[in-house]
Amino acid sequence: MMAGTLVSTIINGDQIEFACRPDETLLEVLRNRLGLTGSKEGCGTGDCGACSITLDGRLVCSCLVLAVEAEGRKVNTIEGLADGDTLHPLQTNFINHAALQCGVCTPGLLIASKALLDRNPNPTDEEIRFALAGNLCRCTGYDKIVHAVKATAKELRKQ
Amino acid sequence: MANDTKFRNRKFKAVGTRPPRPDGLDKVTGRAKYGADTFAPGQLVGRVLRSPHAHAQITRIDTSKAEKLNGVKAVITSKDLPDLTDGDSDLYDTLENCMARDRALYDGHAVAAVAAIDAPTARKALKLIRVTYTILPHVTDVDEAIKPDAPIVQPRVYTSGVSPKPKSPSNVARVSEFGHGDVEAGFKAADIIVEKSYKTEQTHQGYIEPHACLASVGPDGHGELWVTTQGHFVFRNTCAALLGMDVAKLTVTPSEVGGGFGGKTHVWMEPIALALSRKANRPVKLEMTRNEVFRSTGPTSSTSIDVKIGVKKNGRITAASAYLRYHDGAFPGIWAMLGAMTSYACYDLKNVKTVGYDILVNRPKVGAYRAPSAPMAAFAVESTINEVATKIGMDPIDFRIKNAAKEGTKSSYGPTYGPIGIGPTLAAVKKHPHMRAQLKKNQGRGMACGFWFNFGGETCTDLNICVDGTVTLTVGTVDLSGSRTSLSLIAAEELGIPYERVKCNISDTASLGHNDMTDGSRGTFSSGMSIIFAARNAIDDLCQRAADTWGIPVKDVVWKDGRALAKGKKHRKLKSLSLDDLAAASSNTGGPIAGHSQIVADGAGVSFASHICDIEVDPETSATKVVRYTVIQDAGKAVHPDYVEGQFQGGAAQGIGWALNEEYVYDENGRLQNPGFLDYRVPVCSDLPFIDTQILEIPNPNHPYGIRGVGETSIVPPLAAIGNAVSDVAGVRMTHVPMSPPRIRKAIKDKQA
Amino acid sequence: MLKVCLSGPLQAAADGAASVSISAMTIRELLRELVEQYPGMQKQLDDGIAVSVNGEIFRDSWSEEIPESAEIFLLPRIQGG
Amino acid sequence: MKYQTPSTTKEAAVLIKRERGKAFVLAGGTDLMVRMKIGLIEPDLVVDIKHISAMQSIKKSASGFRVGAAVSAAKMGENNALKKAWPGVVEAANLIGSDQIQNRCTIAGNLCNASPAADAVPALIAAGAKVNIVGPQRRRTVAVEKVITGPGTTSLAKGEIVEAITLPKRLPKSGDAYLRFIPRSDMDIAVVGAGVGLTLDNNGVIKSARVALGAVAPTPLLVAAAAKAIVGTKLNKAALEKLTVACTAACDPIDDMRGTVEFRTEIAGVLARRAAKIAYKRAGGK
């Protein structure tokens, strides 16, 4: 058996320590050791974006990050998107614009959308579409998702 | 009144509005639990060993080393899944597909499985299993498989649907002929005949959530299965039969489903998880990797189709035929039959003949994919329709309108149509601004029609009224894309209460009678009908209690806008009783108030759609870009228009992917070359334009609210709509799907040469 | 007597006949009678069958009464996605 | 599997050299982790180079740019000076995968993964980029086109690690560009890639040029004949025609699920032409 490693990290603002094998991905640890199953494995190869999280504020596929790489870093997942009992405007708009059907890609799309709006508060339709190109959705044809992101951007710019 | 299915026009209050979905919050916060999102105490990790060969005799499987590895709790092969199918050939096919017996029949066919304490141990154990194969000749191409020297995929399969019964096995599993009239005479009467052949490649549903389940079976014969499925009752029945369990002792709970599109209507690996759990006497979690999803679940057929249409110069079709070869994978199916049934369903034809050939090849067992088999047939027919219209100098839409099926038309697959929507969708296409928009340089436009049957089926529903007057629905059809919302709207409508007062729950198999799967676009149609009946059932009870409370005969009580009213002047002093009033008093008026319904929801209305597509093709590279897309479809009645639009858009997007880039690629050894989302190219966000939708509502006469299914038809027209658009701009008829840039390039060059 | 049309795949089981004449009040009676006349039809029924009565398709409601002079069409059972 | 985070390149090189089993360098992990996931490799040692300070940054100097091996493609896209000097290289780096991949992947990793279809590599070759390699004993510098020796193989010896990739100082009146063909709009591996770098004289005549192609041979190609075809011209029609012929002649592709020999060969010419036009315009040519 491989030796376990102790990793100290901040997940959704909370100081968390976990032990894992060095070959485990961050996605595996989030899901199987920490109970944060909001991030999904759709492919395991970085092609679908269902496992999207941010690492020190940068959008990544958690299936392509070793859990041990999270040592000393800030991890943000879907479970931390809402502020207490207040949903993030993206979350509200995804519901109100019917931007989800089966919902399995939704956590990744929300994280990717937030990463986009954090760096570009006024994206064009094309910028939204390319920023979300790493997140596959098979139900919606993306139409209502792009509308929800646009509506959120507008809302956030007013604040 | 209670179980009256007849459509009655009414003014809807809840139905047709767009409230937020009840499962929305869970899904935007990551709380919703899908197939892989649950855990059991002491759970093991399951993994499956799969054949790397397209066709091979399994001469020996040595599991002894794997069994001895520390941490391994169970290893199974087909010996652990004995044949209990008792002559049921479909069930035997399912069994053999779950785990290869004497032969591996395709690349990815399961041959053994392990359960271990963790994933690394399970992986290691798989490597310790020694399988001795004798490689057999294989065939993966649908046209190659019917050549006389092709290797026989299933020696037990003799062609069915032909007379007399054949004497030797064949890769043609089934021949299915449909039609009426005299096509030969019809072709003789034609002024112009167009004949063309088409090919389409195999595609996958491409749901983002891989198959996953958590199985727990004990030596007492009781078991539980948590699974991502479109039909937990059917999964229960199938798994219980394969494992020799009592149906009642296996409780199947459906998880949230991360996309199905037909692919989660079939049992693939759940019996393996149950068998591993039974052997280990521990819960076993089994998740497929994306690679396994592509190699070992149920993609579509690849097809090869010959179409012939004869027409008078005045634009009337005199005869039409289609010969459709669809591959079934390694087990017999009905996929070519469905292609043969749907191919000419949009048209009013005097003489029509379609013949489907279901063909076995060494590929995974074909599964249902959204309006299964219809898109490929529509591609062939709708492309030819355009060719015919062009030949006689008629506008393709006018040509379709002239030949469209209508109420009273004898359909190409047999029955006579009631009121249908093909004519209205075509009229809407003609009027749509999309058709008048100016095309830019290097752009072309195409349109096409599509048909799907829709169906209903067995449905069982409970409706319970809580003490505060709120209502719970217990439903047995899995919610794939928002049906909890539409079903809550229907209950609110029928009871006359606000949508927010209704909560819809999907039950496990222990809590309700049998329900068929959520497939065939039946979820909202069937459970909707069942809920209406359950609500009427509850309303009868509510009226009775109001009558008892007032001390008047129940015939004097009516239910209106969520309240019991006493009819007539003599009762005018009686204050109406709301649902809340009656619920609060229920403990003293007879106890709990509930409604129940167990029905076979028949009479699902057929569905038609017409799509318009603009595409840009790079003149130097043949790169394609869909620049505008419009879906026009008959919904019967749109219960929640947002999610009806969502179905239209999602189906169109899948069809666009199928048309342009998605395909299974096998090498000469019969191994799948692209079992991943990198090279199996589903559309990404930047590939698509906004998809415009227009909902038509031609009520289904056989549903109280006029509802038809809406889930599937939208995937039928895109292949042909895009084919017609590409052909428009490239100046060459595209006959091979996907129309990838290399194929378009080659078609253009071949024409130039 | 009802004229019952058989779709292509079911014709083989009825010795190639495109339609058969049957006297029946309900779908159940119709199917029972059909198997009596053509025992080969049993396998088709086991595989699944749908009955279209005047264009309306019934998969499982076999108690449905058949109106006089109705158009009856027997189809193989279909699958959906 | 062991996981190490050395703080110097030398230390990393020694770790790898000493490992008896299979050792791999982890930078962005976007290729390595995929190969681990699908079971192609089972490392005994993974050396994470993201803690090595010499690899972390993009440095501008008199002689050009030095891009550390652990710098993500996204960071390259955020560096305005680099983008201005070598737009083709940055565009190529920014074409690799999604935003999620961009935040992890590196051009050094793209190079060392040694795929014939690597997007960054033809652009780097066209730019005349060099690779700083550190071994347990010595350092060396080689041209980018000397690194990949075949699909998945490089000229790096065991223990040798890429520390940085350097781009020369941008000469006046120069421009570079990279284009690739993919079937979708994003997220695909290049079916064909073409990078062009060129410098003009005062009259707008191409003084020197480098043309590189990807995914049309077992390794990315530096096509000298293609450069020759446009040097001394103002990229007129005849020059573009010659460029096309030279690129087509250089192609030695395979038929696979991403494209056919015929298609790749034709598209290589088209993309080289288009990339040359962009580079020419960027250099100030009219």
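Read from first to last, the chains carry the letters A, B, C and D; within each, the first residue is number 1.
Going forward, a contact is a pair of C-beta atoms (placed from the backbone, for glycine too) under 8 Å apart; a residue touches a chain by one contact, two chains touch by 3 or more.
Just so it is clear, the structure is predicted and the values come from calculations on it, not from any experiment.
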Chain pair, most C-beta pairs within the contact cut-off: A-B
Rounded Å distance between subunit B and subunit C, as computed from the means of their C-alpha atoms: 25
CA centroid of subunit A to CA centroid of subunit C, Å: 54
Whole-Å gap separating subunit A and subunit D, where each centre is the average of the chain's CA atoms: 29
Where subunit C and subunit D are represented by their mean Cα positions, the distance between them in whole Å: 67
Multi-chain contact sites of subunit D, meaning residues that touch two or more partners: 38, 185-187
Where subunit B touches two or more other chains, by residue: 205, 260-261, 676, 678, 683-684, 686
Touching two or more other chains - residues of subunit A: 2, 21, 23, 44-45, 47, 130, 133-135
Pairwise chain contacts under the document criterion: A-B, A-D, B-C, B-D
Subunit B partner contacts - residues on subunit D that touch it in the complex: 38-39, 181, 183-189, 191, 256-260, 262-263, 266-267, 270-271
Residue numbers on subunit B that touch subunit A, as the complex places them: 18, 20-21, 23-34, 36-37, 119-120, 205-210, 256-261, 287, 289-290, 480-482, 642-643, 645-646, 649-650, 652-654, 676-678, 682-686, 688, 690-691
Residue ranges of subunit D in contact with subunit A within the complex: 1-3, 26, 29-30, 33-34, 36-38, 43, 46, 48, 50, 72, 74, 97-101, 103-104, 185-187
Subunit B residues touching subunit D - in the complex, by the definition given at the top: 123, 291, 620-621, 623, 625, 660-661, 665, 673-674, 676, 678-679, 681, 683-684, 686-687, 740-742, 745-746
For the subunit B and subunit C complex, residues of the former touching the latter: 90, 160-163, 174-179, 205, 260-263, 265, 334, 337-338, 340-341, 355, 368-372, 413-418, 452-458, 519-522, 600, 602-604, 702, 711-712
